[in-house]
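Scrolling down, you'll hit the structures one after another.
Paired with subunit B in one complex and with subunit C in the other, subunit A is shared by the two complexes that follow.
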Partner chain A sequence: MSSRRSRISEEEITELISKLQSLLPETRRRGASRASAAKVLKETCNYIKSLHREVDDLSDRLSELMATMDVDSAQAEIVRSLFRS
Partner chain B sequence: WRAPPGTRTLTPRFGPSKPMLAFRFLRALTLVHRTAANSSNAARSRRIQRAAFASMAYSAGPRRAWSRALLCRLHFHRARRRCAGRRRAAGVPRRPSTTGSPADGLRRLVPGGTGMDYCGLLEETADYIRCLSEQVKLMQSIVDSVGPGGR
Partner chain C sequence: MQAAKSFVQAFLKQMLLGIQLSAVSHRSGSLQERKSAIKLSADVAMAVARGSKKWTRGLIASLSKEEQNRSFRQFVLGKDFGRPAKLCHSSWKIPRSKNIVRRSLRFLSKRKSNIRAPNSSVLAGTLVEKRTQVLKRLVPGGESMDGFSLLDETLDYVTCLQAQVDVMQKLMTTLEASKHRADSNAQCPKAKLHLLAMVGSCYSTRKGLWKRLSKRPKLTL
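After this line comes the complex of A and B, so read on.
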């Protein structure tokens, strides 16, 4: 892996890491200064895991809602609200 | 899967379009409703989750390694389902990392990550996170508009 990395500059990697950092929610809130690569990667892993959990939870809620709602009128309302936002 | 004519082959700046994502996901939800109306909540929830990852992957298309990996996984699972009776939701990375470097942990979480070099992994991760959070926002707004208070 090290021979490939020497062809890619350290600068590029640093830039990619800070791009990742800018996507993390904590960074957006606190405007944190640049963290180490290892820390950014760890936080990124945690963030992805929390996003997966959110998809899980929202799937559960949608499933419950689906059991009770009238899908056709719900669909119209959803489309309206999506294009409003 | 072929991109429709006129589609740019360069990576779009902000990922898949939101209306397309919404359209695909709503269509999948309608299908789940029609075919799983009498299933248990858990089974329906798994199908919705699979639909979420499928919509994400189809909207991103084959331009990204993570979406290609998800699409492969989904098709593979669909073919296997005919023979085996496995209920595990396809396309969903399930095993949290407990060993290895942070980059290895990331490789396990991002679809298709295990084959990537370091730079590719960082780029794919950024795109994956963007698309994943769009999907979450979409699902949240659907829940908000249909949930208690809505109809």
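After this line comes the complex of A and C, so read on.
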């Protein structure tokens, strides 16, 4: 009974690792074959860090842009995007 | 990666709220203050747009703890300010039936993972353990998660981070375009008004509009 449970869990964990791998930019570009869990975890950590940096950079640029804009028209533009999307 | 429409809408709504609050309180603030306000708005927006997940609760909790965010939090979190853990359940509108399913799945996975984690050969090994520790620190609320939950939450978190970047980039493009239009309007208002008047008068006749426009020199709209 317990061995069957752990077999199911192995598959599910492998499934998660493989899903995680498919999110990574490296994999998307080269269509790499299945990597080890250790490699996927390392790439995931690096990817999360780079996404954090991107958000940081975009926050910088957005705040700079908004400083040069009329706040009301910036807000109006966001509302317009809401209606469009 | 295209974000889901509902996520984009919820994200933008929350961003708008955050920007309004930061404009109100930081009209004369430093660039750093404004940047932190935008980043905070973006993170809260992402968590709220996603709904109830372990990482979103972890994120809201850690944002709530930061002292500098006090006044902002007071507006955003409202009457539940000071009780971040409770807030995360009560303020998000998740349909009741979904919530029950979610809770029971969580309960099941918690039970399974206690048996699973030590037996998994995929997650065995010191290198994997080391990297898991790093990942735990990167994913909000990760410290208290077991192997399976961590992987599951990471999958969700990465998807949302990609969506966050995507929406912010699009917002950037939209605002830049709007600013560009505003700037060029300021440069030639008379020509712009004339063009608008023409467009207005020719609205019913497309043919007439094209005819008239083709005779005019090119103007940026």
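Here is the rule we go by: the second predicted complex is superposed on the first by the 69 of 85 C-alpha atoms of A that agree within 3 Å, B and C clash if a C-alpha of one lies under 4 Å from a C-alpha of the other, contacts with A are read in each partner's own complex, and residues count from 1 in each chain.
Methods note: a contact is a pair of C-beta atoms (placed from the backbone, for glycine too) under 8 Å apart; a residue touches a chain by one contact, two chains touch by 3 or more.
Computed from a predicted structure; not experimentally measured.
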* So, does A:L62 touch the first partner subunit B, the second partner subunit C, both, or neither? -> both
* To do: Tell me which partner A:A38 touches in the superposition: subunit B (first), subunit C (second), both or neither.
  => both
* Asked: For A:L51, is the partner it touches subunit B (first), subunit C (second), both, or none of the two (neither)?
  -> both
* Could you tell me if A:S9 is touching subunit B, subunit C, both of them or neither one (first, second, both, neither)? => second
* Asked: Looking at the overlay, what does A:E77 touch: subunit B (first), subunit C (second), both, or neither?
  -> both
* To do: Residue by residue on subunit A, keep only those touching subunit B in one complex and subunit C in the other, then list them.
  => 5, 12-13, 16-17, 19-20, 23, 38, 41-42, 44-45, 47-49, 51-52, 54-56, 58-67, 69-71, 73-75, 77-79, 81-82, 85
* Asked: Okay, in this complex, where on subunit B does subunit A touch?
  -> 18-19, 22, 26, 29-30, 32-33, 37, 41-42, 44-46, 48-49, 52-53, 92-93, 96-97, 101-103, 105-106, 109-110, 117-119, 122-123, 125-126, 128-130, 132-133, 135-136, 138-147, 150-151
* To do: Over in the complex, which subunit A residues touch subunit C? Could you list them?
  => 2, 5-6, 9-10, 12-14, 16-17, 19-20, 23, 37-38, 41-42, 44-45, 47-49, 51-52, 54-56, 58-71, 73-75, 77-79, 81-82, 85
* Asked: So in the complex, which bits of subunit A are touching subunit B?
  -> 1, 4-5, 8, 12-13, 16-17, 19-20, 23, 38, 41-42, 44-45, 47-49, 51-52, 54-56, 58-67, 69-71, 73-75, 77-79, 81-83, 85
* Structure fact -> In the complex, the residues of subunit C that touch subunit A are 5, 8-9, 12-13, 15-16, 19-20, 23, 31, 34-35, 37-39, 42-43, 112-113, 115-116, 119-123, 125, 127-128, 131-132, 134-135, 138-139, 147-148, 151-152, 154-155, 157-159, 161-162, 164-165, 168-172, 174-176, 178-179, 182
